[in-house]
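Across the two complexes that follow, chain A remains constant while its partner is chain B and subsequently chain C.
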Partner chain A sequence: MQGKNQTALCLCPTQNGYTDWVDLNEIANYASEKLQIKTIWFSNDLPLLNAEIIAEKIKQSNAVQIILAGDKPGFFKPLFSRAMRVVGLDPKNVKLVSFSEYGAVNRYHTGLAKALVACAFYNVPFDVAAKQPAKNVNPETLVIGGGIAGIQASLEIADGNQKVYLVERTGTIGGHMAMFDKTFPTLDCAACILTPKMVEIGQHPNIDLMTYCEVIDVSGEPGDYTVKIRQKARRVNLATCIGCGICSEKCPPNVPSEFDTGTGLRKSIYIPFPQAVPNKYLIDADSCTYVKNGKCGVCVKVCPVKDCINLDEKDHEVELKVGNIVVATGFQTFDAKKIERYGYGIYDNVVTSLEFERLVNAAGPTGGNITIRTTDKKGNKIFKGDSEVPKSYAIIHCIGSRDENHHKYCSRVCCMYSLKLAHLVKEKLPDAEVYEYYIDMRAFGKGYEEFYNRINSEGIHIIRGRTAKVLDKKGKLIVRSEDIEADKLIEQEVDMVILAVGLEPREDAKHIAEILGLSSDNEGWFKEYNYANDPVGTYNGGITIAGVCQGPKDIPDTVAQASAAAARVLQSIILGNVGAGLNTISPDVIIEKAKKLSTL
Partner chain B sequence: MNNRVDPNFKNELYKLGNKESWNDCFHCGNCTAVCSLTEENIVFPRKAIRYMQMGLKDKLAQSAEPWLCYYCGDCTETCPRDANPGEIMMALRRWQTVKYEWTGLAGLFYKSFTSLIVALILVAIAILTIGFMKDFNHEAIMHFGHSLEFWLIICVFSIILVPNIIRMFYFTVIKAKVKAPIGSYIAAFLSLFGHMFTQIKTFKCDKQTTRWLIHFLVVMGYLGLLVITVFLDWFGTENQSIINLGYITGGLVFVFTFILMISRLSKNRELNKYSHSTDWFFIIWLFLMGLTAFLVRLFIDIDLLTNNFWLYMIHLMVITQWGLLLVPFGKWTHFLYRSFAVSFINLKKASLS
Partner chain C sequence: MEFEPTIVSFLCNWCSYTGADLAGTSRMKYAHNVRVIRVMCSGRVEPTFVFKAFREGADGVLICGCHPGDCHYHEGNYKCLRRYHLIKKYLDQMGIEQDRLRLAWISASEGKQFAELADEMTETIKSLGPCKVKNVMETLT
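This part shows the complex of A and B:
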C-alpha cells in the first residue's frame, strides 16, 4: 500500500557541527527522482514540537508512511508518531534511518546513506539487502595486539581448538593492564588477573605467540588473508634464552623503561618486567652500545648459553595465511605536555596517572613506595624507593578529555581510576591528604557508584571544579581551582599532582587502519559495523575489533568485547565461511537487491 | 527579591555580544580558576554565567564582578566547551551599563544602532542651526563652543553619571546586603582614584603590558586634552607651553586610538574578535575628537582657521555628540564603573572577612 505519493521523507541534518557530513541535498534529489518520493522535508525547516502543524503537513501530502533519515532521527520520532495519531494513521509507519548507526558519517558515505534510505523505502532490512555471499574461511586467526583484549580473544579462540597467531609489537604481552596496580571497582590486583592469562597464552598449544613483531601488510579477501609481518630483531634467541639475567647485569647503558613509563631505568638488554611473557631477554637497538658503535658485546661474552645472543641479527619478514583477523591495538594516554598550564614536564612532581600507577605498584621502580621525582647523576628524572614521601596529593580529572581544544569525548575510565588511585594513596599513607578535582563524577558501571561512595567515606576531599593551573611556590605545588559547591576559589598547596590523562587512539592507529582497510570515526577510533547491535564487526568481512581501539572502555567491557569478537571468529570457523564486508559491495547493488526483495 | 528563573534572559543578552555557543557552558569552573584576577570569595566568570543561563537578573545587577575582568582572553582560550566566557563577561558589562543608566537611553542606544545614528544626526543639525543663528560668526561660535563644553561636563556629570554611580552602589552594595565596617569605606574611597587613572589591576593579568600602556596613554591624553581645552582654553591661549601640551595630548589620543582601531579590525586577540557597535562609536569619536582638536589648533597657529571655519564646526559637532550622547549613554562609562567596581568589591571583601 505504500507507493508513489504515499511516503514522506524527513531528512535530519547533523547537530554535531561536522562540516563534512553526508550530502543531504543529494539524498533529497535521489529520493525524489529515483524513489519518486514527492514529499521531502528537512527537520530544521519544520516547526518542531508542534505535532498539530506536522499532522497538517502529513494530511496535505497524502503520506501514509514517513521515513525519518539522518543524524539521530530518533529525536524526532515521538513528534511524528503523535502527528500520525492526530491524522488517524498508524504511528508504526514512522521509520527511522540513522546514518551514523551504519557509519555514514561523512560525505564519502552519501552512497551508503542513499542505500539506507532506499532499504527503508522498500521495507527491506538493510542487513538483509547488504548480505553478501559467504566465502570459504581459513580456520587460522590473527590477533593484532597483546593487551588484555588480544589475550582474551586469543584464549577464547584457542580454547575453541582453533589456531591463533597473536602478534604483539613490544617484547612482551600484557599491554596497559600489566602496568596497573589494582583494578576498579573490586580493587583486585591487576597482575593477579592478567599474569595467569599471559602464562596460558605462552603455553597454549594452539597459540603461536609473536612478540616484537609488526603487521606491515594485509592482502587477500575475507576468509583468505595474507598477512606480512615484520619480526624485529630481538638479538636474543627465544628458543635458547634461559632468562638468567647475567647479560643484563653487565650491560652498561641505563635508559628509561617503557614499561615503567620512564619512572625507572632499564638496561639495553632487558626483560620488560619480571612476569613478562615470553620471559626472555631482548636488546633495544636504539640504546645498545654495540649496535650504535660496534664496540662492547659484553652480553655475548657473559651469556652462559652458546650462540644465544646474536648482536648482528636483522629484521626479517614472515608471511601468514589467516581467515579472520581480530584487531585489538588498544590506545595511548593523552600527552599531558600539550596542556602547559598543568606543569607536566615542567614541575618534577606533576605526574601522569600511568606514572603514578607504576609508583604505587609493588613491582614498580620504587617497590611500591610513593616518592618524589629525583634526578640521578646522568640527569634522568626517575623515582627512587628511598626518596622523600609526599604528604598531600591532588588528582586532576579530565586531562585532555571533555575538552573542545583536545578530545571532545569522555575517556570513561579516568573518574574511576582516579578514585582508585586516591584509595591506594590512603591505603599506603593513611595520614596523607588527597584532593580530587572533577567536572562530573562518572561512576557508570556495575558497582561503580558504590565504589565512589566508599572512597568518598575514606576521608578524601572530592571537589567539584576543574583545575585550571598548577603553579610552583617554593618547591610546593599550588593547585588553583574553583570549588563550585562551596562557591569560592581555592588555591591548595600539595606535594604531588596526579593528572588523570584520558585515552586517545594510538599514533599509528591510522596506519593500521590503512593496512587493514578499516574506517575510523572523527576521533580516530576504529569504526564498528553498527554501534548498537554489532560493536565488534567492521565493514571488512572477517575483520573484527575489540577493546579500546574501538572506543574508550574499561577492563570488564574490553574483556566482554574481546570474547564477542572471538565468538564471531569461532562462528565463521564452525560455519566454514565468512560474509564479505560492506565495503566490498556498492550501494547500487544494495539498492537493486532491496528493490527485488521489496514486498511492495 | 525576584529570583525566578528566566530562560529568555539570554536572548536579551544576545544583542549585547558575540553569542556563539554561550549556552554550552557545563560549569567546570575552568574559567574562574584560570583567571588571574579571581580571589577566594570573588569568583567569576562561571558564577555570572550561571546567573545568565538561569536569567537571574537581580543577582546579575548585584554583581560588580564583571567589571573586574580586563578581558585577557585566557578563559576563552582554555574553555573546554568553547563557551567564550570572556565575551559573556563583556556582554554582561554592556548589560550592566544599560541597567545602571537611569534614563533608559543607554538601553536604546546599545540595542538599536539606528537610534544612535538618528540621535547623532539630530545633534549635528542642532549645532549647525546654532551656527546659522549666530551667522557663522567665528568668535561668537568659538565662545559658545567653549562654554558649551564647560556646561556639558557639569550637567552630564551631575544629572547622569553621578546618579548612575549611586544606582550601581545601590545594587551592588545595598541590595546585595554588603555590610562592611566604616573604615573599609574610607579605604575603598581612597583606592578609587588610583584605579581610575592607572588601571593598575591589569598587571595581575599576564601578557597585558603593551595593551595597558596604550590604554593608559589614551586615558592620559584624553584627560589632558579635556583639561587643556575646557579649563585652560587651548584654542584661545597665548601661553606656548599650554599650546604644546595640547598638541601632545591631542596627538596621543588620535594616534593611539588609531592603533586600537587597527587592532580591532585585525581581530588578532580574543578581546578584538567581536566589536559591538558601541565599541566602534566610542573609539571612532575619541579618534575624531583628538584629530579635529589637533587640526583646529594647528589651523589657528598657521592662520588657516578663518578661511576654513568648517573644521571648527566639525570639531564642535564631534564634541557635542561625544559629550551629550556617547559619554553618558555609551561605553565611556566603563571609566567610572570599572574603578568604582574595584572599590565596591573591596567593600564586599571587607564584609566577608
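This part shows the complex of A and C:
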C-alpha cells in the first residue's frame, strides 16, 4: 500500500523555450501543501545520465512511486525505471503525466495541470475523473465565418434539417475563395464552385444569414450558449433594397476596394462584388462623406425606394441562444511589407499573390488583363485594364513562411498557387517569361505532383534557391537570388514580381479565442482536441473548429474539415446532448471527483 | 422596323449561367435578343433541342458550357463539342446557315465575355436576316 508520503514528484519544464508555459512553481506548491508530497524534484536539477544517483535520491526519500509530470515526461521514463530497478522497486510505479496531451500548454492552464497531477497522485485515470454527465443540447447552431468552411458547414447542418445562424463580419459571404480566379490542381474556376453554394445559403429556409455582424460575447455552457452579436450599421435596409445600384453611381468618394485587395476602387455605398450574397448595398462608415461631415446624402435623394437608406442608423446588439458553435474564421495573408528587401510597397510592380489573383480574374478591376500598377489623379495606386502589359514575371515562394524571423511553418498552399499563377500568365500571354524561385516544391496532394509536372512542361523557368533581394534598375526590377542546381548566384531582370505570401492567423484571432475560451497554439491557430484523431473538436465541448483557423490548409481539406465539424454538430443534435469539454470544467471539480474515487 | 432576332441560348448551370448572372449583377448592357434556358450541363443539349428551337422560330441558337477541363461532370462539354460539329453539318443540309449555331466556353467569372458574345452573336444573326425554316415547315405541313 502506497502512503501519501511515499510518492515523489518530478516536474519536467518545457524544452521548447515557450515563455508563457504552465507555472511549475505553483504546481510544486500545490503538491506539497494540498497533496502533501514531501519530495519534489525538477528534472533540470537532476543529473540526467546517472541512474545510480537518482536511485540514491529515491532511497533517501523513501518513495515507492514516482510521478513524472510536465512537458514530454516520457523522455525521462527509461532513466527513472532503471533507477527504480536499482533500488529494488517495481519500475511500473513510475507514472507519466503529460500536460500537453490534455492541452495544458500555457500558464492559463495551470489549474488543469494541477488536476492532472492530482489524478495521478490519487491513482484515478484522468479521463474517468474528468467525465461529466452529458448536457441537453439546444438544436440550433451558430457558425462563425462565412468563407468556404462556414458555407460548407452551414449547408451540411441545414440540409440535415437543423437551424443554423451564419454570422459573417463583412457585407457578403464567400471569404477568400471568392477572390480567387482558379483553383489548383484542376484549374476549375473558383466562382463556378463557390457561387452556387453561396446562392444556396441565401435561399435556404434553415439558414439565418447575418452579414456585417460580429460576435462580441459568448456565455453559458456546452449545449446552451448565449451569444451576443453586434449588428454593425449597414445603413441600407436589407428587406427593401432592390439592388438597383443608382446610389453607388452617384456616391462621391472612391476608396480602395477590400474585395479587390486595393487593386481597384469602390464607392462608399457599395456591394463588395457583383455576385455577393446578399446582393444588397451597404455603407462604409469610414469613408462616407455624410458620416464624416454630416453633409451629402446623395444616395438618399436618388434611391427609388422610400426609407431604404437610413444614414443615421446605429449599431445594435442581437442575442441568440444556440447549442453548438462552429468556428470557421479563416486567415489573413502575410503582410509582405514586413520583409523590406523584397520591395513590396516600395516598387509599384511588386505585387502579392492575392493582388495578382484579382488581376487575372475576368471579374477583377482590369477585366482579366495583367497590367502594371498606375497612380490615378487622387494618388490611389490601382490597376487599370488599358495600361502596359508586363512581359516577364518572377514568382518568389515562401514569403513569410518557413522563415525563422516570421513564421516557421509551411503555409501549404503557396507552391501550388504559385504554379497555378504561372500557368495563368502563360495561358493569357504565351510569349511571357515566368521565373519561379522556390526552396522546396511541396506538391503533396491528390493530383498535385502531376500538376507540377504539367506546369513544368509549359516552358516556365523553375529555379531552386532563395531570393536575396529585389532591386530597381531604371524602371525594371532585378531579382537577385541563388540557383542551387547550377551552383551560382544569379540576377534576372523582370517587369513584375509576384510574392507568394503565406497564411497567418487573423489579427483578432486571439480576441475570438478569448471570447470563446478556445486554446490556441504558439502561432495563434486554434488548438484542436487531438491533431491526429480529433482535428475538429476542441477542449470546449460544444465548440468545433473548421478551416484555416485551425492551421493552414487548401480548399479540399477545408471543405472536408467543415463537413466533419457539421457531422459532429449533427451527432450531438441527434443524441440530444453534448459532452462537456475539458476547458469548461473547473479543475477543482475534477480534483474533488478524483479524491472521492481514490482508494488511498 | 429593324429586324430583331430571337436567339435561344442554352447555358450550363455551373459556369455559363453564373457568368451570365454576373453580367447582369455587374450591370453590363448587352443585346436583349438572347433568351436564356438553363441546363445542368452543356452535355445535356440534345440535337433535337437545337432543331426544335429553329422550328419554333428561333433565328439563332447559342450553347455555352464550361471551359475544357472545367466541366462539373468531367466530360459533358467535350460531348457537347462533338455533337456541335455534327449538328452544324446537319443544319447545312436542312438549309439553315451554319453561323446561326454557336458554341462558346464561358466561365463563372466571365460576365464581360458573355455580354460581348451576346452582342456579337446578335450582330451576326442580324446580318443573316430572319431564319426561314419555320415558314417553310408551316407551308409543308
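Throughout what follows, the second predicted complex is superposed on the first by the 454 of 600 C-alpha atoms of A that agree within 3 Å, B and C clash if a C-alpha of one lies under 4 Å from a C-alpha of the other, contacts with A are read in each partner's own complex, and residues count from 1 in each chain.
Throughout what follows, contacts are C-beta pairs under 8 Å (C-beta built on N, C-alpha and C of every residue); 3 or more make two chains touch, one makes a residue touch a chain.
Quick caveat: nothing in here was measured; it's all calculated off a predicted structure.
In the superposition on chain A, contact is made by A:341 with chain B only, not with chain C. Using the contact criterion defined above for the overlaid structures, shared-chain residue A:181 touches chain C, although it does not reach chain B. After overlaying the two complexes on the shared chain, residue contacts for A:216 are found with neither chain B nor chain C. In the superposed model, A:405 lies in contact with chain B only, and not with chain C.
Using the contact criterion defined above for the overlaid structures, shared-chain residue A:574 touches neither chain B nor chain C, since it reaches no partner. Of the two partner chains, neither chain B nor chain C is touched by A:318. Touched by chain B in one complex and by chain C in the other is not one residue of chain A. Those residues of chain A that touch chain C in the shared complex are 181, 186-193, 195-196, 243, 245, 274-275, 279, 361-363, 367-368.
Put simply, chain C touches chain A in their complex at residues 13-15, 18, 21-22, 25-27, 66-67, 69-70, 72, 107-113. Within the complex formed with chain B, the residues of chain A that make contact are 341, 398, 402-405, 439-440, 464-469, 480-484, 487-491. The touching residues of chain B, when paired with chain A in their complex, are 26-34, 38-43, 46-47, 78-82.
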